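Across the two complexes that follow, chain A remains constant while its partner is chain B and subsequently chain C.
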Partner chain A sequence: MKTLLFFAYRNILRQKRRAVLLGTAMALGTCFLVLASSFVAGISQTLFDRVMTYVAGHTSVLVGDRGYLYRTALRGRADLKERIEKLPNVKRVSETIGIVCRLVGPQKGDNGIFIGIDLTQKLSPAELQETQDNFPMVTGSFLDLKRTDVDNPAILAKPKADYLGVKAGDQLAVRYQDSRGRRQVTHLTVVGLFRPTNSFMEAPLFVSMDRAKILMDMDSLDLPYLYLTLKNPKVNAVPTADAIQKLLKPRLAALPISVVFGGKSQAVICAGLKSDSVSRVRLGKVLPLAKEWKGNVVDLPNSLATTLGAKPGDTVSVVSGRSKAGDSIVDRAVVAGTWNPPAGAEGLVLWEEDAFQGARSFRSRLPGDTGAALVQAASGVLDSLLSPEWTLLPRAKSTDEVRDQMRLIGAREWKSPVVAVRTMYETGEQILKLADALSLITLVAVLILFVVVLTGVVNTLRMTVRERTREIGTLRSLGMQASQVRQLFLMETGMLALFASLTGTVLAGLLMFGLSRLTFPLEGNPLSILLVRGHLVFVPGMMSTLGEILLVVGMAVIAAWGPSSQASQLSPANALRHHE
Partner chain B sequence: MTKPNSISTVLRLVATLGVATWAAPTGMQILLAVEANETMKEDVQAKVNVTQNRTGQGVKVIAMEYYRRDKDKSFVIAMTGPESERGNGYLRQGDHFWMYRRNTRTFQHINRDESIGGSDAKGQDFESRPLTQMFAPSKDAKGQELLRADTVGGVPCWRLEVRAIVSDVDYPKKVMWVRQDNQLLAKEQSFSSSGTLMQSGYYTKYQPIASRQLAMRMVFVDEVEKGNRSLVDLSDVKVGKVDPEIFTKAWLESKSR
Partner chain C sequence: MNIVEIRNLTKNYPLGNTTVHALRGIDMDIPQGSLMSVVGPSGSGKTTLLNIVGCVDTATTGSVKVGDREVTTLSDRELTRLRLRKIGFIFQTFNLVPVLSALENVEFPLLLQGELSAAKVREKSRQLLLAVGLLDHERHKPAELSGGQRQRVAIARALVTDPDLVLADEPTANLDSETGESILRLMQTMNAERGTTFIFSTHDPQVLRYAKSVVHIHDGRLEGA
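Right, the complex of A and B next:
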């Protein structure tokens, strides 16, 4: 073996010109292969770790109050965030508020996106750098959003600020719809301007999450959208979403209320009863009602109706607590009927779901587990007609399914709060398709290049065999076996391929270093989303590079197999007679 | 969140009489009087023109036919102008709210919060909801209603400040100027939670229809984006049963042809 290796090495040195030419071709092929794979990995990292994290999260939990599409709050359930944070593979759970708004400056108005940023999160140096990469500041810093010496500090993109006619220190009006659907206007103070790294980044206007929640009429107990950053997102996004789906299984909702009629008041527990047309038909088979179950209606337990002296058709007042503003939440509801609750649910009042969930949403604090057992006891009779704490939508399998679910939310198909768990595969399908398309294009280009290089290798080896036929004859005459001749040629090729691919890898490293230092313009550049601060991103991997070197060597050896076998099959006499 | 009943109807009548005869009515009486004038017991149809003037974007005239049937919370809006909107429409039936697009011939469920025909108006603006179920008179630190005499264009009015008593209303605070002679709303200012004036509305022309005074011309001035204003004109108002066929998808679709 050692002799063969020595011969192979000697042969490479003996035929320097051919070895250099063939080696250069293989080195260039390896170089492009490593370069392309690192570029694709860079794109993938940019899209997954930078774009997807901000646009949709690797996995996300979306919420809608009372089934309204744009009221992105789940009242009183901020605790769910902590439970999700404890799941495996979760690097970070970010609260997210992002709503379309109208920015009004002294010169002009323009549409924008009002975004809350959680400044309490501890970022690693890499994450901090990533944030700085995404939002390079022209004036101020993101920490200025914590300032208390100005009203509602905000940061926006420099081009947007120029268009609106504001600069750092100026005030800007922002008009939006809060989490309760009310039209609001707030004056913000511009404390920082950033240079957008791509065209998508011109729209956002950032305020601190605390401030955003106040402006949106949410408090620390309310849960906005959650975007999750995961370890190894490609693998963990779906399992994590499935785990969250199990975690978020809702219970039946209960609400302590007081029913007032005829000067009498009685404190009771109340459950919501669905009132869509399908549920109304089902309800009619379970409960005898004197009036149609539609609009703001209640069904009183017989005992309560007797105590209050209320009968079907009467209007009772339902007092369901206090709002955040301190007002009593009082509704007037028509008694649609009376019922006899099952054991364990005695005294349970049934209230039309929309009004019931409205009262829950408007309460300053939700009652926790109070009354939950009572409602659960009624579920044996009323089954799925009772209103849940929230409606957990089934996991969507595609963007089309997500679209269908959004349409149904828009139609207020569900009157309870709505919760949906999504992954980037559904919400960011377009971005992922872009990554896949770029990977495919790169792969095809590299394969074409490689086929060309390998064709050159095969041709060169065939020429070598032809030129060294007499030498093969001499070696065979001296006792070298046919298999050893084949091994000699394969070793020669393999050794050359190894040296060439190592050289190509070094060359690729130098090229990556050089290319990543070039700065590309961002404005008007459709590929700016793939750049970081105007630079290309390459992510070479140790294992992938090793694999590519092995691939090049392996393919070169395979390509050399044919000519090597051809050389080994020559008879010594014929080989020695060979004359060019 | 609640429904009008016979008691509130009686109260409204008393309030209307009260406002007409008492020198200084209470805030609730004024609210009930305005509400009584706004409440339509029968179906309504009208042609509506919204002339929208936005800074830097010029004038846009949005024309529509509007049909409303309160007994089942239904309404239909058929867009008749501008050309880009003509044939499009909106249908509300109970909890369902659809948008029809002429180009694609499709109905799409939309949210009550969405804009109508590219205007500032939202779907919920076309719904009827009793005023007193949304607002109550505001009071000062001494518990006195924020109500005083004032004038609008020289006409004596009551200036009443009201606050929302439910959370899902457009504006949490309003100031209303109600004419002292006929209890008609003359002017209204709408405020955000932070107390910023967002919109002023002027009700400049009324017409007696079905024993009520219907506002036929309203001007809404955007107080945030100065220069933006919308002029709403109603015409061909008819009160009485509207053909049930109109409150269907088929009618809206046929209207676009």
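Right, the complex of A and C next:
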């Protein structure tokens, strides 16, 4: 074996020109392969770590109030964010508010998206640099969003500002719908302008997250959209989404209210009771009512009815808390009946679901937990007739399913908030398809390489075997076995391929080093999304490079098998008689 | 004792639609320690006979015993092993491996045997190079040696495994007569000193005097044997 290896090594450079030619072809092939796969790995990293994080999050939680997905708030459940943050593989959970709005400047109006930025989040220096590179500032800085000396500081794109006719320091009116569905007009102060790196970047109008929440009429207890950044997103996106799906199993909704009648007021817990036609039929069997369960109606516990002196048919006032502005939120509801709550649910008032969820949505600072246990105790009797905190949509498996879900959300009248958990595989299928298309480059590289190696090795080796026929006869007569002759030629080819692919790898390394130092302009460059700070990104992997070297050597050895076997099967006597 | 015993050996080569009868019934015994010459004109069957005795070719019919072993029934693997252990070859065109030095060429059969340590292999190969008078050329590549020097290296290579039998197919045909005779003298010496059996073929009656015994071959038959 050692003898053969040594001999094979000596033989490699025997026909120098031929070996150098074949070696160069294999080296260039390997170089291209390593380059292509590192580039694809780089793009894929960019797509997953950067683009995906911004566009959809590796995994995301969408919330919408009663089916309106742009009323993005889950009242009183900010605690869920902390529980999601504690899941394994979760690197970061970002709250997201992005609302389509109308910007009205002194000259013109235009559509925009106002986006809340979490300035309290700790960014790594690299992330900070990246943000600065993506949004190069013309005037001001992102930290100006924290200013308190002006009203509602905001940053927008320079071309947008020019179009609207505003400059830094000016006021700008913005019209939008808040998270409770109310139309609002607010004045913002332009504190900074950035230069958009591509046309998508012209739309956003940035305000601080605290400010965005106030403008959206959300408070710190409310949960907006969540975008998650994950470790190893390709592997973890779906399991994490499934874990969140479990975590977000809704409880039954509860709301502390006061019922006022005949000058008396009583604070109680109230639950929502469904009122659709199917539920009404079932309701008749478990809960005898004097009036139909329709419109703004309540069912009072017997004890409360007695205390207040209210009878079925009476109209009571339901005070469900205070709005942001400080006004009491008061509904007038007709008593549809009285009931006897089961043990543990004593004093529970039932309220028609639509009115109940509306009150929950409009109430400021809804605490998450109050009364939940009481409502739970009633579920033994009322079961699925009770209104949930929200409706958790089943996990969509594909982009098509997501589209269907969105259509469904729009079409149906939802009585409760809607929550959906998504992964980039459903929301960002287009981007992921791009990543797949790019890995095709590597495959093509492999195929080209295979053809080059196959034809190159086979032709070269055939020639070599013909030239060395008499020598093969000599070696056989000296006592070399036929199998050793084959081994010898396989070793020669394998070694040449190994040297060539190592050279190619080094060459690829040098090329990558050189190429990644070039700076490409970002502006007006449709591929800028694939660049990181204007540079190409290569991510050569130790294992993948090793694999590629092995692949090249393996392909060469496989290609050499045929001619080597032929050489080994030559009859020694005939080989000795051979004259070139 | 006979190192080679041949009975009724024939060898046919198919050539297109016809058959070439290269050997037409050979009978001969070669005693151990012989220095035998096979003489005949070109095309008479010398190479064919030596190849079959040297186990690089197979008989069409008949029996060939090499060192008491019937070789006509052996597989390629077994024949190869037999060559490696018992037989040495010297060729008309020297057939040294061009990428190996003189010393490495001599070492090669021993390395193929894989029984001795690298140091022993080297020592033994040097002894042989010394015996053929080329120790001072051990690092030279074949291309840097003259024809006579190359054939001396080939003799060292043939003898390094201490074979029972060395076959030399027209070893002097590519050498001038003076050099050729020095090669034959070297074979004479080796035969005398080591007792190795040598069979060499030639078409040149001039060199017969170096042989201890001679057979004439003509048209695939031995004459006067």
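Definition applied: the second predicted complex is superposed on the first by the 493 of 580 C-alpha atoms of A that agree within 3 Å, B and C clash if a C-alpha of one lies under 4 Å from a C-alpha of the other, contacts with A are read in each partner's own complex, and residues count from 1 in each chain.
The rule is simple: a contact is a pair of C-beta atoms (placed from the backbone, for glycine too) under 8 Å apart; a residue touches a chain by one contact, two chains touch by 3 or more.
Bear in mind the structure is a predicted one, so any value in this text is a computation, not a measurement.
Trainee: Consider chain A as the common anchor and indicate whether chain B and chain C clash or fit when overlaid.
Mentor: Here chain B and chain C can both sit on chain A without a clash.
Trainee: Looking at A:R14, would you say it contacts chain B, chain C, both, or neither? Reply first, second, both or neither.
Mentor: Touch partner of A:R14: chain C, not chain B.
Trainee: For A:T3, decide between first (touching chain B), second (touching chain C), both and neither.
Mentor: The answer is second: A:T3 touches chain C but not chain B.
Trainee: Check whether A:A173 is in contact with chain B, with chain C, with both or with neither, and answer first, second, both or neither.
Mentor: first
Trainee: A:Q129 contacts which: chain B (first), chain C (second), both, neither?
Mentor: Touch partners of A:Q129: none, neither chain B nor chain C.
Trainee: Look at A:T24 in the shared chain and tell me whether it touches chain B only, chain C only, both, or neither; answer first, second, both or neither.
Mentor: Touch partners of A:T24: none, neither chain B nor chain C.
Trainee: Go through the superposed model and pick first if A:T186 touches only chain B, second if only chain C, both, or neither.
Mentor: After superposing on A, A:T186 lies in contact with chain B but is clear of chain C.
Trainee: Residues of chain A touched by chain B versus by chain C: which partner has the larger set?
Mentor: Chain A has more residues touched by B than by the other partner.
Trainee: Just to confirm the value: shortest Cα separation between chain B and chain C in the superposed three-chain model, in whole Å.
Mentor: 80
Trainee: Overlap the chain B and chain C contact sets on chain A and report the shared residues.
Mentor: In chain A, nothing is touched by chain B and also by chain C.
Trainee: Looking at the complex, which residues from chain B come into contact with chain A?
Mentor: Its residues touching chain A are 1-3, 5, 7, 55-56, 95-97, 108-114, 164-172, 190, 192-194, 196, 198, 224-225.
Trainee: Flag every residue of chain A that touches chain C in the complex, lowest number first.
Mentor: 3, 7, 10-11, 14, 470-471, 473-482, 484, 571-573, 576-577
Trainee: Of all residues in chain C, which touch chain A in the complex?
Mentor: Chain C residues touching chain A: 47, 51, 54, 56-57, 76-77, 80-81, 83-85, 89, 91, 93, 95, 97-100, 108-109, 111-114, 157.
Trainee: Applying the document's contact rule, which stretches of chain A touch chain B when the two form their complex?
Mentor: Residues of chain A touching chain B: 68-70, 102, 104, 108-109, 173, 175, 177-178, 180-187, 217, 276, 295-296, 315, 323, 327, 331-334, 355, 358-359, 361-362, 407-408, 410-412.
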